[in-house]
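Two complexes come next, and they have one chain in common, chain A, joined by chain B in the first and chain C in the second.
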Partner chain A sequence: MSQTQTAATPDERVKTRSSFHQLLIRPELGGICGVIIVFAFFMLTAMDSGMFSLSGVMNWSVVSSQFIIIAVGACLLMIAGEFDLSVGSMIGFAGMSIALLSVTFGLPVWSAIILTFILCMLIGGLNGWLVIKTGLPSFIVTLALLFILRGLTIFGAITATNKTIVGGVRDVAQGDWLAPIFGGKVFTGAFQWMADQGWIDTFSRGVKKGQPIVEGIPMLMVWALGLVIFGHYLLTKTKFGNWIFAAGGDAQAARYVGVPVNRVKIAMFMFTAFCACVFATAQVMEFGSAGADRGVLKEFEAIISVVIGGALLTGGYGSVIGAALGAIIFGVVQQGLFFAGVESSLFRVFLGVILLLAVILNTYIRRKITGEK
Partner chain B sequence: METPIIEMKNIQKHFGSVIALSGVSLSVYPGECHCLLGDNGAGKSTFIKTMSGVHQATSGEIFFEGKPMSFSRPREAITAGIATVYQDLAMIPLMSVTRNFFMGNEPTKKVAGISFFDHKKAADITMAEMKEMGINLRSPDQAVGTLSGGERQTVAIARAVHFGAKVLILDEPTSALGVRQTANVLATIEKVRKQGIGVVFITHNVNHAMVVGDRFTVLNRGKTLGTAKRGEIEADELQNLMAGGQELAKLEIR
Partner chain C sequence: MKLSKLFKSTALALTMAVPFAMVTTTAHADGERYVLVSHAPDSDSWWNTVKNGIKLAGKQMDVKVEYRNPPTGDLADMARIIEQATASKPDGIITTLADFDVLSGPIRSAVDQGINVIIMNSGTPEQTREVGALMFVGQPEYDAGFAAGQRAKGDGVKSFVCVNHVISNTVVAERCRGFADALGIDLGKSMLDSGEDPGEIKNRVLAYLAANPKTDAILTLGPTSADPTIAALKENGMAGDIYFGTFDLGTEIVKAIKEDIIKWGIDQQPFLQAYLPVVILTNYDRYGVLPGNNINSGPGFVTKEALGLVEKYAGEFR
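Right after this comes the complex of A and B.
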């Protein structure tokens, strides 16, 4: 045993791998391919429909941004090894909370927003705490929260206002300092300038004559971009990101080397709630109202985006960029079918098919990475 | 005589009405490989978990570098320098070798006041440490899943050593491995021992123990059956002790 091999000679059994293979085992592969295919398809079928005019691009970009916002939260949580099925109900709950606090109870809009964020993140934390303390699968714990939150939202709306849709948020949000952070538009000056130069379409008659049809970049898109950058950096470039991978990869192994797994998981539940809350606030500010049935099925759409983006349902592997690409595919197809004049019910067929393909591809990629047979 | 790095005196551990350990003593000196042998259910796992802070002893004393010590959680034991490598929970297959190596101990650098995971430093250290242990990585981003069982154990051992382990507890590192891989892990143990680290090597394979062990302690039904030095005891004798004498005697009747 004394003659140990200190000199590292190249191992003849390790095959050198092509850079193509390196590319193949990136989690974003499915998302990149999907985006290319989807854009190619709609460029061929819906080029003349206005889908790729400025207002058309804005249309599907906004929808994609909505998906991205909830997908980033769901992605980090899934990599940390957990699910949150209460995202959709959380969106309804947060929106209703903002509308009731500001319109019905007369709080300033900024404080209604801040209180709602605190409340939602506490509920997110509760989700995490319950999952950790009970040791139950997050699937079941958050399924319970899905019903509890939805029920509370409807109950609250009915009790306080006798309605399930609470309007008038836009009026109370006039002049508020925080509301434009979620509902406003940026670069409006640049768009007006481009309109003045005749580069982009303007309204040709009516009170808005001369103003650009697309007034600016909605804050929703800024949030989406910001969350993707934040999520990507957090996951791949920080210490905490390594803990997220570790918590989802093997919680026990991570605990043995001192990773605070419980804290990581609870933080990710809270972050998911935060993302749901951003979505809800932007939606309420855009519509000027909150509905008790908002956000139905959003949790699944978020999870599907994440899976299309290459994350494994079992945790420990995935990418925020991939999830964002998945969300873009989602948004482009949903809106694109409308532009292409295709029956919109086919959207769900597409969804099911692409989900299935994504999961099969992901399983294959995982085998490649781990070298399983 | 130098002081042992860690000395466990008369450790008892009860789980409710079950007495898992009824007075086990063991000491580890720097640069020594102390083999802890015992059959399944002998209390090996309970004992090392007490040593590494996962369990707290019901009674008994623990001295770390001559000072009385009690660890209430694994993190405290790790900080003190007691590292444990568990057989199947050493590594996370989906993560890269580098990410695994620095899991829980990530090096950081500050950029504009924000602290980031220093990937370059981590990758360089990992490659160097792996080379030292005789493992050739394709790249520091290679997933641990592509490594063999023996290589995974080696990475885990290298990690523990790099982060300043004084005592390295190896929980059955060879029990699931083939002949060649076992030889590699035993070679790694030898390397670590030479660096002055005390190794506690848990196994129920007497042959593996005889290759690297300096002292041998046999556990049976929660009790120590004594500690023997290398050369004082034969493999057959250890095997008999592990099986508890009686059972083997019965077998011989046939």
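Right after this comes the complex of A and C.
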């Protein structure tokens, strides 16, 4: 009798958790719930508005992809315990750099893109180096860079061309080998085929008559997907990923156990700059022009996506998948409100409410899990 | 524990509030639906007149109208909004052509999907034709500046400063160029990049006038730069003495015209830019009638003599 009893009693030092509780532990949970709620909501309110037609889906998917691209960088950096407020200015700066180098100074587009990537990642590295060397909060250092980069962008554009919008990139990018990797579209054949079968809408007039309204999957979405996979793999399956968590959780403790915290943080600043540069390049290649005011406030949109996705502002906790889900929620809500016909002045009210709700939900879930009171 | 309570009550409040906000905007779904997409950030109050214009036209024509804008004024975001508007299949889109490179693709795509488009406010008749829009309703900026310059020249003006609060908008800068050309002088040093902050604008105008005391005239490009300039002139005692003209109207500008501080205001009549396209599109959809040319909504000069109605409706319809 007594023997069977001891076998059935579990080790009292190990706390048991229900499988439901186990599920809650994932930082993505808030994001998953959010996505379900948001889609259910718009299915109910905006079903017949064209939001879920092919071109409608493409519209909010592209906007979400834009958020994902900058959110992945911001997410990894935030988990590593730092902020980058210069993302928006970096987008404007990178776009202008590509336009000026290629259109005004006549460099081939591929070299303009590569040079810009190098330049941006160096500036990202500078951000990180300044934060490490001065010991100042990254909030302040990158806030300074926000102004410096925006100012340089306007100054560069004005002195080189006397204008603040530099166009003509599309013409010089014609036939370039690197440009389509950012601004091109894939699976165009499949979409044309579906149009020929009459499955998807086509243009009814003009030079594109008979061609599908949605020509293909923009490379922007491919980049977004690629960055999420890369970021998720890096964070969860590699040693470097553990270093990122450690550097953001407790930098001093991480140093004691031999994590190269400075190197990790600087690398993450560079990666954030890389993501901003991808965003800018795709934008310039798609629209054919760079404006000195592009990307204003994008840093906050990136941070909001990451926070909706369950990452902690203090670092050491979060997930790339969560950030991507946060970006999807943000993008779907932003465009969905237009589809639902909400008065545009209420737009920011809704964004604010959703941000607040997401953070409260995430905090609530996390406290439940960790038993914090 | 508190947090869970807060969470529950917030969620409850939200589920109740959200459908309510939705219902108010999707009232009558039968009539034609037109979407106006502007390039203005939320903070730009001048566009309120445009909102009122489409609202009134929507009521009078019994059609549904929607106003959309990129919250931060980012033109790449505006392109996405035009794509969004297209996907929602409205009967017509009214939009500005603030940057041809960025916006021509999405607009062309809307036109090719069978949606009627009218360009308002920013753009040129040539660009309008190129994207396949029906017409352009707006003020030809260079011509408006030129007309103002001729008027100033007649009043004996020989030099001026252009207080430009939107240096990034090349179309608006055309106003200064037209003004300078009419006076027969080089624009060069007469352009003052004032920034958008009222405090900064005021101080830069004060500094410019202190450094160039022989300036005959001031030209401001809208309420954003005019209001602080009025304050600056009151402070340095040049109010009423220096020749002061401005583009666009607003409450402060109307007051200053009344007080003889501003000689004239050029009204591009944004109300018409919003109101007319809705009326035109509705009649085109219903009866197939369409005016044969672009419509110049301005320039209309507003002076002290003709202030009655302007004063009454400044900021609302004027």
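Criterion: the second predicted complex is superposed on the first by the 350 of 373 C-alpha atoms of A that agree within 3 Å, B and C clash if a C-alpha of one lies under 4 Å from a C-alpha of the other, contacts with A are read in each partner's own complex, and residues count from 1 in each chain.
Just so it is clear, a residue touches a chain if its C-beta (ideal position, glycine included) is under 8 Å from a C-beta of that chain, and two chains touch if they have at least 3 such contacts.
These numbers were taken from a predicted model, which means no experiment stands behind them.
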I'd like to know which partner A:G341 touches here: chain B for first, chain C for second, both or neither.
second
With the two complexes superposed on chain A, say which partner A:I36 touches: chain B (first), chain C (second), both, or neither.
neither
Does the superposition put A:Y256 against chain B (first), chain C (second), both, or neither?
first
Quick one: is A:A190 in contact with chain B, with chain C, with both, or with neither? Answer first, second, both or neither.
neither
Touched partner set for A:I140, first chain B, second chain C, both or neither:
neither
Of chain B and chain C, the chain that contacts the larger number of chain A residues
C
Which partner chains sit in contact with A:L122 here, chain B, chain C, both or neither? Use first/second/both/neither.
neither
Per the contact definition in the header, classify A:L297: touching chain B only (first), chain C only (second), both, or neither.
second
After lining up the shared chain so the two structures overlap, which partner does A:S289 touch, if you call chain B first and chain C second: first, second, both or neither?
second
Which residues would you name on chain A as touching chain B in one complex and chain C in the other?
none
Give every residue of chain A touching chain B within the complex, in rising order.
1-2, 4-6, 8-11, 14, 16-17, 233, 236-239, 241-243, 245-246, 249-250, 252-259, 312, 316-317, 366, 369-372
Report the residues of chain C in contact with chain A in the complex, numbered from low to high.
1, 3-4, 6-7, 10-11, 14, 18-19, 21-22, 24-26, 42, 66-69, 71-76, 79-81, 83-89, 99-102, 105, 108-109, 111-114, 132, 167-170
Chain A - residues contacting chain C, complex
41, 45, 49-51, 53, 55-56, 58-60, 62-63, 154, 158, 163-165, 167-170, 201, 203-209, 213, 283, 287-289, 291-297, 335, 338-348, 353, 356-357, 360-361, 363-364, 367, 373
Show me the residue ranges of chain B that touch chain A in the complex, using the header's touch definition.
74-75, 78, 84, 86, 89-95, 99, 102-106, 108, 115-117, 119, 130-132, 134-136, 138, 143, 145-146, 159, 183, 186-187, 190-191, 211-212
